[in-house]
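Two complexes come next, and they have one chain in common, subunit A, joined by subunit B in the first and subunit C in the second.
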Partner chain A sequence: MRELASPHPGSLEVTFHPQHRSATAFPSKEEERRYWLLLVTFIALGVLASYGLLMYNNPVPVDSPSFLPVVRRRMTALVAMLIAAVCQSLSTVTFQTITHNRLITPSLLGFEALYATIHTSTMFFFGVGTFISYSGVESFIFQVVMMVLLSLILYGWLLSGKYGNLQLMLLVGIIIGTGLRSVSSFMRRLLAPSEFDILQARLFASVNHSDASFFPLAIPIVCVAAFLLFARSKNLNVISLGKDIATSLGVNHQHSLLFTLTLVSLLMAVSTALVGPLTFYGFLVATLSYQATRTYDHRYLFPMALAIGFLMITGAYFLMYHVFSAQGVVSVIIELFGGIAFIMVVLRKGTL
Partner chain B sequence: MIKIENAGKSYADDVQIGPLKIDIPKAGITSLIGPNGAGKSTALLMIGRLLNMDHGHISVADMDVSSAHSKDLAKIVTILRQENHFVTRLTVRQLVGFGRFPYSQGRLTREDEVIISKYIDFFGLSCLENRYLDELSGGQRQRAYVAMVLCQETEYVLLDEPLNNLDIARSVDMMKHLRDASNRFGRTILTVMHDINFAAKYSDRICAMKDGKIAAFGTVEEIMNTETLTDIFETSIEIIDGPSGPVAIY
Partner chain C sequence: MMKAHDLVSMNQAKDAAGADHFRSQQHIRKLWTMPFVLAIVAVVALGVLSLLIGAYNVRGQPDGINMIFITRIPRTAALMLTGAAMSMSGLVMQLITQNRLVEPTTTGTIEWSGLGLLCVYLIFPAPSLALRMAGAILFSFTGTMIFFLLLRRVKLRSSLIVPIMGMMLGAVISAISTFIGLVFNMTQNIETWFVGSFAPVQIGRYEYLWLIVLIAVLIFLYADRLTLAGLGEDIATNLGVNYNRIVLLGTGLISFGVGVVAAVIGNLPFLGLIVPNIVSMYRGDDLRSNLPWVCLLGMGILTLCDIISRTIIKPFEVPVSLILGVMGSVVFIVILLKQRRLK
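Coming up: the complex of A and B.
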């Protein structure tokens, strides 16, 4: 019957102008030009901010032998920022696409609570000595494996079951997160003030905690996961139309969802284990990317999210460290702006 | 042919749909009618593999819907539900373009663009094709969704209440387009309908359901009689012969 589907001669007037009519990602040339202009601007600013982070305000002159070690130390922080930007922006955009909701972030699945619980219970049960020595590659692997395992159990159980649905999974994720948070805050109450102080420093997100020895492990993981997400862009475009239409268009929805959520949890776990919890950063990046990219197409959304994410984190660190000399508050600032943006989006849309 | 063999779904002990046994022949428009809760949508969703059946088998063009590859089925059968809501901003043309996904996997070729244009023109959406969906009226949006589904160029097209929320003029327009699509492109269209008169005027066959079972299946003339319809809807329905076919008065 397929031949019946082809146009019958004379049965239908097809006015076709290939130069005008195409279902490309951008409806008009201006939109496309605007996209590329913004993307190039953000990348350039991001590169500028990272150059500033490396070179600006270096306490020693360029010809001094200690110039390079300073740059190398800053380089570590910069690589951590790059990894965090890739992880957070890609996973948030993907997560919002597969959940069909632009207000929720993967942090809802309880990653950050689990991170806080792991660290708090180390301090609580084993004391400050173990806590400080517990920071090698093994601890990184342990944290990542724990976080991915938790989310896979959650997805596997909730998505494959008879009553499996996304809302239920999110709800359970939030409940588990709240539970873990209460447990860890209870343990924190019983700590000595000095122990609490050391712990608190670890629980605030900071790229300067990140240990360069994690990089050989984190970078390949992030690269592979990011590549797989980019490769699935077209699949994600269809998923964004909803389960029913995606299924009707021949996408195995359940399978895609599980695979994509695994990648999201891997990226979130690496980012959280490396720089600590960043709740609103991903949300802020994703929201701005949608504003800057007026298309459904993830092949364009992903690069924009990466560029904005990198610029935001390097820009914030550069301004805070080298212009205002306010060290240690960067994550607070990003979270503050993220929170304000979140409230603005909720108020403007008038609905969750 | 859509072959349904004892397919069923149980929502609760006393709410059972099926077992349904029916063969819906190829070509033409078949309307599914019946009171609320009769299982029309459930049956349609099971055929369109959006709902897993608890027992039985359904095959569309000799492909078992529960075991065949989703990718292969997407070239045979397509389904459109009532409620469609997107978080992303899509233009009409981009939406219709998604109908080519089973063939192009998102990389639209020149031929795909010709086919997309064909269905946009067919539904009279040419001047709206670069508009965003949220800038359209309900009727225009519904036409865009149906255009996407037809653009998939499947032999079988399943529609769940395509006239929902449309006024009379838009409903007539939609049904004329579906009739046209069936005649010109040889599509087999299975649609859930609430308005008996629309079903009678525009379809070739009517399948009436009641209490999760098939109550009657036949040509429009066979189903459109006072006893059958009164029995199915449990309300008095009178059929009179109008100038262009039977008309139900209720």
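Coming up: the complex of A and C.
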């Protein structure tokens, strides 16, 4: 399917040529070389952009003893970007593989609605005092656990059993998200204006608001989940062949599906709790990594997605801060481009 | 595509079985049956209740009777008209797309009309209601047409994917709206618009909603042809219907209804989805004999939700769209799960 869809007639020829046949993931040597070249370029650009974010317009030189305290705030934002990039890119690629659909993203499952509902109901039921004291590590753990728990209930309920159906689960997830949004905005209506202001600041999370005290917890979680996903690359390769083939190749489809979805929801929950909702960023990253990686092998897809994701978020922040000096609209712009890319892919693809 | 093959056949089988199930149920062609009369009585009772409920005590005060004419009657009329408009547009949309899970919220039509409103605010400094309405209608027509063309161009693996895609498209459009709003400092306009509420309805502010009567008449007149169009392009053409013209007309009617409601009231989620589904669960799929039922049920549900929204935190009120969103999502999920049992 990939070869047929590939717009590269040259690579097709090479693929069918007997001398160039190989058991590697790439159709040809050139493709492999192209992959590594792109990967190195993207990583280098990403590092450059993050260096720019740290150093640009910064009067303190790196070797000065006051360098670290001075750039601490920028460092926090950078680490948050890195975490968001890892979470969003890995989870979107994985999610698209297991759903066999390259048009949907895991943010459809209503994580941000749940996030808003948790915060709003804390304020609504327990008042300002609890709400303010309810921050820091425990609240982070609580949010992540709640989000993962809800998605597990959803998956377990709708994916297993006689009527298990992935798309039904997705749709129910979306609808639950809509319902939760209504509930939380209903509760917000009843809050006093001062309470509402405090809540509002929390709900519009962004890279710059992210709390560094979450990092000691978020980083290990993300690392473990990312490692597990990388370790499951081959399993994902088999799952991408479809349920029947995967089963006949000896993969417990249902079991792998549940496990992988749990990892996806864990990553999404961490990302949402840390930097707030992002809908089309993951989609954009995944789509571009498929373009850059001419293989289905997740061992190659994942690194590329990571590199592109990191470059995109750091590059966008750098450009918007220092070139266009348009702070605050970065995530909106990433979302906008992602959305436009989404429409273009739908129109070109011809299948839903 | 191969991977989805089992899904396709499964879903087709499911749809066919579901259709059989619905069709085998009783077919009442006669309109004025006992249940219908009872339903009318119930809706009228809800309307009277809606006239009597409010923060202002209309019976105790000397100007109470004026109050009834200034706000209560307009509000109740607006509720009835809007309920009918939204549920009918949902029904027509479901017929044209041959998909039960489609309605203005799940196709992005609402987001499009929001974008239209925003553009009108941008171009004209203080737009009149007619201008806002025109913008909303124009954009929702464009958006709905784009979605329908997309549906016709692409191959569908499953009927469930249609609302998912529609909602994602809606998210794209609202991302564009947010961007424009941010650039021109108008996010608050979008925010206040996006919750539909009947609170500001009073005499002089809702009269455009009466245009919905015109839409209703047109839908009744074209009911049979729209039903034929719902059978698909080939069958409809075979039966002597100009398919494209009917689809265009249907889309025009939907967008008109949604646009008017969007400009005057705001966003009302899920009404167009749950009402036609509930009706066809009991009555099958004949548009002409279902239409009165769909209108009635839409009016009834919306009025009930509005009464709840007015009484739940008396003497204040919550926007009705929040009540609808909560109730609608629960009913939607129940419908989805029920459909999967019918396999």
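In this section, the second predicted complex is superposed on the first by the 288 of 352 C-alpha atoms of A that agree within 3 Å, B and C clash if a C-alpha of one lies under 4 Å from a C-alpha of the other, contacts with A are read in each partner's own complex, and residues count from 1 in each chain.
In the analysis below, contacts are C-beta pairs under 8 Å (C-beta built on N, C-alpha and C of every residue); 3 or more make two chains touch, one makes a residue touch a chain.
Quantities reported herein were computed from a predicted structural model and do not represent experimental measurements.
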{"item": "Touched partner set for A:336, first subunit B, second subunit C, both or neither", "value": "second"}
{"item": "Which superposed partner A:294 touches (first subunit B, second subunit C, both, neither)", "value": "first"}
{"item": "Touching partner for A:244 - first (subunit B), second (subunit C), both, neither", "value": "both"}
{"item": "Touched partner set for A:181, first subunit B, second subunit C, both or neither", "value": "second"}
{"item": "Partner chain in contact with A:88 - subunit B first, subunit C second, else both or neither", "value": "neither"}
{"item": "Which superposed partner A:104 touches (first subunit B, second subunit C, both, neither)", "value": "second"}
{"item": "Intersection of the subunit A residues that touch subunit B with those that touch subunit C", "value": "1, 100-101, 241-244"}
{"item": "Touch list for subunit A against partner subunit B, complex", "value": "1-2, 4-5, 7-8, 11-16, 18, 21-23, 25, 27-28, 96-97, 100-102, 233-235, 237-238, 240-245, 247-252, 294-296"}
{"item": "Contact footprint of subunit A on subunit C as seen in their complex", "value": "1-4, 6-7, 101, 105, 150, 153-158, 160-165, 167-169, 171-172, 175-176, 178-179, 182-183, 195, 269-270, 313, 318-319, 321-326, 328-330, 332-333, 336-337, 340-341, 343"}
{"item": "Contact set on subunit B toward subunit A in their complex", "value": "26, 48-50, 70-75, 78-81, 84-91, 93-94, 96-99, 101-102, 105-108, 110, 113-114, 116-118, 121-122, 126, 129-130, 132, 149, 152-153, 155, 184-187"}
{"item": "Residue ranges of subunit A in contact with subunit C within the complex", "value": "1, 100-101, 103-104, 108, 163, 165, 167-168, 170-172, 174-176, 178-179, 181-183, 185-186, 189-190, 241-244, 279-280, 328-329, 332-333, 335-336, 338-340, 342-343, 346-347, 349-352"}
